[in-house]
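What follows is a short report on a single structure.
We just call them A, B, C and D in the order they show up, numbering each chain from 1.
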Amino acid sequence: MKNPVKVVTIGGGSSYTPELMEGFIKRYDVMPIREIWLVDIEEGREKLEIVGALAQRMWDASGHKVKVHMTLDREEALKDADFVTTQFRVGLLNARIKDERIPLSYGMIGQETNGAGGIFKAFRTVPVILDIVEDMKRLCPNAWLINFTNPSGMITEAVMRYGKWDKVIGLCNVPVGSIIMEPEQIGCKEEDLIYKFAGLNHFHWHKVYDSSGNDVTLKIAKRLLEYAEDPTAPRNIKGCKWQKDQLEEANILPCAYHRYYYLTEEMLNDELREYNSKEGTRAQQVQAVEHELFELYKNPNLHEKPAQLSLRGGAHYSDAACETIASIYSNSYKQMVVSTKNNGAVSDLPDDCVVEVSSFITGHGPLPIAFGSLGDFERGFLQLMKSMELLTIEAAVTGSYAKAVEAFTINPLITSGSTSIKVLNELLIAHKKYLPQFKDKIKELEDKNITVKDDVVRDLCERGL
Amino acid sequence: MKNPVKVVTIGGGSSYTPELMEGFIKRYDVMPIREIWLVDIEEGREKLEIVGALAQRMWDASGHKVKVHMTLDREEALKDADFVTTQFRVGLLNARIKDERIPLSYGMIGQETNGAGGIFKAFRTVPVILDIVEDMKRLCPNAWLINFTNPSGMITEAVMRYGKWDKVIGLCNVPVGSIIMEPEQIGCKEEDLIYKFAGLNHFHWHKVYDSSGNDVTLKIAKRLLEYAEDPTAPRNIKGCKWQKDQLEEANILPCAYHRYYYLTEEMLNDELREYNSKEGTRAQQVQAVEHELFELYKNPNLHEKPAQLSLRGGAHYSDAACETIASIYSNSYKQMVVSTKNNGAVSDLPDDCVVEVSSFITGHGPLPIAFGSLGDFERGFLQLMKSMELLTIEAAVTGSYAKAVEAFTINPLITSGSTSIKVLNELLIAHKKYLPQFKDKIKELEDKNITVKDDVVRDLCERGL
Amino acid sequence: MKNPVKVVTIGGGSSYTPELMEGFIKRYDVMPIREIWLVDIEEGREKLEIVGALAQRMWDASGHKVKVHMTLDREEALKDADFVTTQFRVGLLNARIKDERIPLSYGMIGQETNGAGGIFKAFRTVPVILDIVEDMKRLCPNAWLINFTNPSGMITEAVMRYGKWDKVIGLCNVPVGSIIMEPEQIGCKEEDLIYKFAGLNHFHWHKVYDSSGNDVTLKIAKRLLEYAEDPTAPRNIKGCKWQKDQLEEANILPCAYHRYYYLTEEMLNDELREYNSKEGTRAQQVQAVEHELFELYKNPNLHEKPAQLSLRGGAHYSDAACETIASIYSNSYKQMVVSTKNNGAVSDLPDDCVVEVSSFITGHGPLPIAFGSLGDFERGFLQLMKSMELLTIEAAVTGSYAKAVEAFTINPLITSGSTSIKVLNELLIAHKKYLPQFKDKIKELEDKNITVKDDVVRDLCERGL
Amino acid sequence: MKNPVKVVTIGGGSSYTPELMEGFIKRYDVMPIREIWLVDIEEGREKLEIVGALAQRMWDASGHKVKVHMTLDREEALKDADFVTTQFRVGLLNARIKDERIPLSYGMIGQETNGAGGIFKAFRTVPVILDIVEDMKRLCPNAWLINFTNPSGMITEAVMRYGKWDKVIGLCNVPVGSIIMEPEQIGCKEEDLIYKFAGLNHFHWHKVYDSSGNDVTLKIAKRLLEYAEDPTAPRNIKGCKWQKDQLEEANILPCAYHRYYYLTEEMLNDELREYNSKEGTRAQQVQAVEHELFELYKNPNLHEKPAQLSLRGGAHYSDAACETIASIYSNSYKQMVVSTKNNGAVSDLPDDCVVEVSSFITGHGPLPIAFGSLGDFERGFLQLMKSMELLTIEAAVTGSYAKAVEAFTINPLITSGSTSIKVLNELLIAHKKYLPQFKDKIKELEDKNITVKDDVVRDLCERGL
C-alpha cells in the first residue's frame, strides 16, 4: 500500500474548493490523504479563511482525520507535496470582467478562455505558473501538477514547453459534461459507450461508439439538433444551435465551446445582449453568485458542498481533478480526457505539443489514445488554434508585443485590423498590474494617453482593482 | 531544335489576350509558334472576334507567320496542342459582381479570390476545368496546362487531385509584382536579390537575400512601411498599411493579398466604401475599363497591346505565362513562383497538395525549392487556408452543401453564423446557371422563396445575366 | 446482455486448437459461445478430425452445450460468424522446413518469420488471407478477424491495405511472454507494472514503469543480462545474450526476436548447428512433437489440453486470442499488445500502416496508446523493417520478382548479392505449389534447370510435399 | 564587383591540392583570388611544402598574382577567410589502411566511408572539424565551410547539428561522375538532361529526364546493365553488376556506392581478394600512387596538375569544390548535388538533418530542390542509414561506446554479434591516437590485453603510425 498523500491547492480560497474536498472525501478509501494545504495570496486571505474553515468542517464531518492547512506562504505548502492542484485566477473575477468587457465594448467576442480575453488570461497566468514550477523543482520534484486554471491547455503547454516540467496534466470539465449527458440522449448508460476525444482544450471533437463498436456519433448529433438548449453544454453556452447540414455530415461531435467558432455571430450577439444588460457579462453574474456562495460558506453549521455551487458553472471540474489524482495514485487506468503531451495521439499536430485527448490515467501519468488524423475541416482549424496558442504563450513568456499582435491576428474570434489593436492596447493597460513582462510597452501606451473606453472597466482600473 | 508549338488559349476572348500575344512575339526566337487557337463560348463570341482580329494583326506586324485561329469548338482547338492556357471566367464579369456584392450587402468582405466570392469562383470554375482536362486526356495527352484562371491555386489543386493531371502549372502575377518592385525599394536590381517564396496562391510569404547571402527582408519591410500606398501591391489593394511591430518582427514578407487577413477591418471598410459608391465594386469598375478596352481593340490600325490595358489590373499575368511556357520549351531553368505539387517544399503541408513556391522551370516542369517550415504564425494560418481550399474544391466537385458550409465556417474572411448561411444561399441562387452540381440544394432554396437582397445583383439575375 | 457468439477457426486442425478451446471454456461466463466451426483443407482432414473430436470432448467435459463443427467448406463455416480466427499454415510444417533449410544451406539465417523464410511465409499466406477476407465480405461482414497466422504483422497489414478490411487484429505471444515473465525478475507482480510496447510484430520494444511511475526498464534489463538463458524469450531463442553496453544504455527493452538483428552471428551459428544435427532444424523438431501430440489427441479419454503442448512453442498464442475476443465482446478495455492500424501511435511510421503496440481492447476494437517517437537506433531499424514488410506484401500480392528482390536486398538477415538470388530462386521453386502469383517466374527458373541444393528439401519436393 | 577572396584549405598538403589550384585558376575571371592558405599539421609538413611549391608555380604560370601561403598555424590562416575548404585526413593513409584491413581480417567489408571503416573515419574526423568550426566562429564568422573530407555527409551533419554552423556545404564527386558519364550512354549531352538527386552522401538515388520532360531513367539503367564495368562508377567500384530485375523496375538510379548495399557479397569478395593480394587493399594501393605523385610534384619544372593524379581516385572532387565556391561568390545558381540541410527536400527524413540533393548554388548558399518521397525500398534503406549516421556522429562527439555498438549493429555492412564487437574493439585500439573521446574505453580494452589481429595493422601500430 502506498503512503497517504499531501495535496496542495494553489488558489485554495476559490469557491470550487468545497467540491474538491468532497471529491477527496469520496475517494478516501482509494487514496488516503495525509494533509491538505490551501494556498492563496494576500488579496484572497478572507476567502481563504472562509473556505478553509468550511473545508476543515467537511473533513471533520467525514470522520477522516485530515488537517486542512491555510497559508499565504506557497513555499511552505509545496514542501514534499505529492500533488499540486492549481485553480488560481490572477486578478480575480475583476480581471475576467475586463477580459470580457473590453472586447465587447468594440463589438468583439469577450470571453475568458477564447478570443482576446483568453489570450490575456494566458498572459497573466503563464508567468505565475512558471514561478510555481520553479518552486516545485526545488521543493517537491516528484509531485504531479494538476492544473485546472484556464486557459487550461495553454497553461499545460507553457509548463511543459517553457517550464520543462512533464509531470503535469491539464483538466477541463467540458468533456466530462459530454460523457455524462450524451448517453441519456440515446437511451443508454455511460458504460455502454466508447469515447474518443481529440483536439485542444475548449477546441476538441469526439467520436462515440456503442459497446458493439457501432458508430453512434450521428445518432447523438441528431438528438442534439432537436433541443432548443443543448443539455451537454456548459451553462454559459447552451443556447446556440449547430448548423444542421454541417453537424450531420461531419460525423464528429464538436465541443460546446466550438460554438464560438462555428457560430461566431450568434455568440457575439448573445454576449452583446448581456454586455448591454443590467446584470452585465458572465463575470459580473458570477461575481454575484460567488458573493452569495461565500455567505453560505461562512455558516459554521455547513459541512458539505452547498447545492448552489452548481450555479457557479465549472461543474465536474473538481471531480475530474480528484478522479485524475486518485487514478495516478492507485494506477487504475481510469479513462479521462486530459491535456497532455501529444506524442502522435493527434497526428495532425507535432509530437511535442499539448493536446486534449482521451487517455488512461496510470501511476506513470496519462497514456493517450492514438486518434489519428481529423477531417479537412477540423484539421485546419485545429492547426490554426495550436499556432494561436503557441504565439500567445510565447508572448506571455517574452512580453513580445509583435507576438501578441500575431496571436490577435490569427485568432478566429478577433477581426484583424486597427480596432483589434485598440482592444489589445486597452487590455494591456487594464491588466497592467499583472503583466510585468509587457511593462515597457504599457509605459509607451500610457505615454500616448491611451485609455480604456468601457465605463465598468475604467472604474475598476481607477479603483486599482 | 524542338518543333514549333501549338498554343491553345481557353477564354481567348479575354481582354488579356493581347498581352499574351505580345509575350509570345517577344519570345519567338526562343520558342517558335506553329499556330495559336483562341477558344471561347457563345456568350464571348463578339469579344473573341475583336480580340482575335487584333491578335492576328499583332502577329502580322511582328513579321512572324503565325495563324491565330478563333473557335467556339474546344475539341477542335485542343487536338495535338503543346500548351493549353486557361484564362476563362465562368459567368464573365457579371458573376464577379455577384461574388463581390452579395457578401458586401451583408457587411462581409466581397472579393473574387478570397472569402465567399473566391469560394464561389472555385465552385463555378472547377467543373469546367475538369471537363477541359478530360478533353486534354483524349486530344493532347502530352500537353502542359498553364492555368491563370483564378482562384489559381485551387484550380491547380483540383486539376491534380480530382483531374489526376500532373502536367499543370498555376500562375499568379502577385509574386511577379514583388520581384519587380522590391529591388528598387532598397536600391538594387532584380538580379542582385535571391527570393524564396512559400505558401499558397494569394497567401504566400517570401524571404529576400542579397547576392552575398545577407538577409534583406527586414530592410524591404521597413521601406514598405514608409509608403502611404504599397508600390509592390496590385492596384486593388495598395492602400492598407501593415501593422508595424508585426511586420518588423516577422522578418518574412506577406503578399499583398494577406492584407485581407492581417487587416480585415480596413479592407472591409474600403470595399464597403466602393460598394456604396456610384462606381460600384471593383468588378463594376473593371467592366467599364473592359468596355473601353474592347472599343480600342476594334481599331483596325491597332497592332500592339494598348497602354490602357495596364489599368485593367492583372499586369504581368500573361508575361508570367509566356515566360513559363518558353522556359518549359527551352528547358531554361528560369526561376518563377508557381502553383505546383508540394513534395516537401513547404514542410508544414502534405506532400501531395498544391503550393505556390519558388521553382526552376525545366522541360520536365517546375523544380520547387525546399523552403522548410514557416514560423508559428504563418504555419497555422497556412494550414487553415489549405483546409479551406480542400473543402471548397470538394464541395465544387461533389456539390456537397455541408462541405460548402464548412468552407464558409473556416474561412477567416467570413464570420460564421446565420448571416454567413444567408450569403451562401444567395450566392447559390445568384450563380444557379453555373452550378449544376448544387442544383438540388438550389431548388430547395428556391422552394423556400429565398431571394437575393442586393439590387444590382437581383437585377442581373432577373435579366438572366 | 449480448448474444452468444459463433466462432470460426481457419486452420482448425492445428495442434493449437485444444489451447484455443481451453481459452474459450475458461471465459464462457464472460462470452458465451453459440457454436464453433473448425475449418481446414483436404490435406488437413485427418488432423482436423482428431483435434475436432478432442475439442468436442473438451466442451462436453466443461458442461457447456457447445457444438464443434468440422468442415472443409469454408463458406459454410463463415456464414454469420462473429469472430474468425486464423491459425492456418499454408504448406504445413513441410513448408516451414523449406523456409528454414534453403537459406541455411547457403549459410544464411533460416527462420519462419524473419529473413528469407519469413518473406516466403508471407508470399504463401497473403493470397489465402485475402481470399478469406473476400469470403467474409459476403458471408459475415460484421465479423472480427483475429489473426495469429505468422508473419502476423504482415498478414494484418495485407488484410487492411489490400483487403480493405479494418476489423482485423494481429496477435503474437511474444509480448505476453515478456509481461508474464518480467515482473518476477524484479520481484513484483504483473499488476504492479505499466507497459508501453511499440514497433512491429517480432520487432517491437517496450518500456516498463512501476505503479508509482518510476522507470524500471533498466532494472529489468540488468536482470536479463545475468541469465545464461533469457527466461522471457520463446523456447527457440533463449540462449543468446544481449550486448551489455547497448542494452543498458538503450533503456528500452528489445523483444526476443530482436536477437536475430542484434546478434545475427550467434543466431546463425546456432541455427547452422541444428541444421547440421541429426534432429534437424526447428521445423523438423516441431514435426516430431506434433506427431506425438496428435497421437495423444486421439485418446478418447483425453478431454483437456495435454501438458506436452507446451513443448510445441507458441505458448499463450491461443490465450491471447481468446482474451482479445472476449474483450471485444464484453467491451472490457483489457490492455493487450496487438497489431493494428498505427494512427500516430508510433510517430516514426505513417498513420496508415500496421504496428504492434499496447492497446486497450474495446467493443470498437483496439485503442492504441500513443507511444511517440523512438530513439535514433530503434527508429531507423523500425523504418527499414516496415519498408521490408511493405515490399514483401506487395510482391506477395502482385507476384513481382523485382519487389521480391528488393525485399531480400533490404532485409537485414539476408546478405545481398548473387547467393541471396539463389536462395530466392530455390525458395520459389520449392514452394511452387503455393505461389501461383509467381508462376511465370518459376516457369522461367525451371526452364533454366535451377534446382534445390538441400537434400531434405529436394526430397520433400520430389515427394510432392 | 565583389572583393577578391581569401581561400583557406585545411589539409593543404593533400595530393588533391593541385586539382584545386587548377580549378581556381580556371575560374579566376569569375572569382578573383586575394590569397590562398594551405594549412597542415606537423606530420604533413613535407607534403605541404612539396605541394605548396607546386601550387605557387601553377599560379605563377597562370599569370595571376596570387600568393600561396603554407602554414602549420591554422588560426593565422583562418583569420578573415572567405572560404574554408577541408580535405584533411586524420591519421593519413595509414589510418585508412586500418579502416580497411581490420574489418576484412574478420571477413567483413573494409571501406573508408562505408561500414566499420566509415564509422571510424567519422570518429576521428568529427572532433577535428568541430574544433575548426570553433576557430571559424572567432576568426572568420562570415566564411563558408566547403567540406570534402569523408564521410562528407556525416561531417556536414556534425558541423550543423553539433557545431551549430549552418554555412557549410558537403561535397562529393560521385554525382559529378554520373552527370558527366550518363549522357553519353544514351547519346546526348549534359545540357540535354534534367537531374534530380536525393538521398545521403554515398547513398543517394537519381532520376533523369530529357529536355522535353520524358523520363529517361530506365533507358540509362538498361545501358548500364550492358557493361562489364560501369563507366559512371568510381575506379574502386566499377566491376559489380546491378541485379537486372531490380534496377529496371525501380526506375531510379542508385549511386555507385550502393553496390556495397545491393551487392554486399560481391563487394566483400572483391575486397577480400585485394586484402589477400600482394598489392593490399585500396589504401595501400593509393599510398603507392601518392608516393609517385609527390615525386612528380617535386619537379620544379612542373607547373600544372599532372595527368597521373587521375589514377588517385576522387576525380572531380576539387572541381566540384571550386565550382561551388565560384557559384556562391557570383550568385550564379549553378545546379550541384551537395550535402545541405534537408528542409523538406527529401520528405522521408526530418527537416533538420543533412541530405545530399540537387541544389542551386546562390550567394545565400544552396537552394535544394524538393524531391518528395522515395519508393518503399529506397525510403526504408535511407531512413536506416540516417539513423546510422546520427548514432555514429553522437558516438564521435560523446565517446559513447554504447552508441558505437548501436551504429555497428544497425549498419547493413556489419554482421551484428561478437565478431563485430571484436572489430569495433580492435579499431578503437588501432586508432587510439586519434580518438581521445574514447580514451577510457580504450584503456579498458588494453587492460584486457585486446590486440589487433591483422599483421599489417599491428605493424603500423607498433611503429606508432
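A few points about this structure:
Please note the rule applied: a contact is a pair of C-beta atoms (placed from the backbone, for glycine too) under 8 Å apart; a residue touches a chain by one contact, two chains touch by 3 or more.
Keep in mind it's a predicted model, so treat the numbers as computed, not measured.
Listed by label, the chains touching chain B and chain D alike form an empty list.
Here the chain-to-chain distance from chain A to chain D, counted in touching steps, is 2. Per-chain Cα centroids separate chain C from chain D by 44 Å. Averaged C-alpha coordinates put the centre of chain A at 47 Å from the centre of chain C.
Note: centroid distance chain B to chain C, computed from Cα atoms, is 56 Å. Shared interface positions of chain B, i.e. residues touching 2 or more other chains, are not present. Listed by label, the pairs of touching chains are A-B, A-C, B-D, C-D. Interface residues of chain C, counted against chain D in their complex, comprise 243, 245-246, 248-250, 261-267, 376-377, 379-381, 383-388, 390-391, 394, 400-403, 405-406, 409-410, 412, 415-421. Across the complex, chain A is touched by residues 2, 194, 196, 209-213, 328, 331, 333, 335, 341-347, 351, 357-358, 360, 362-365, 367-373 of chain C.
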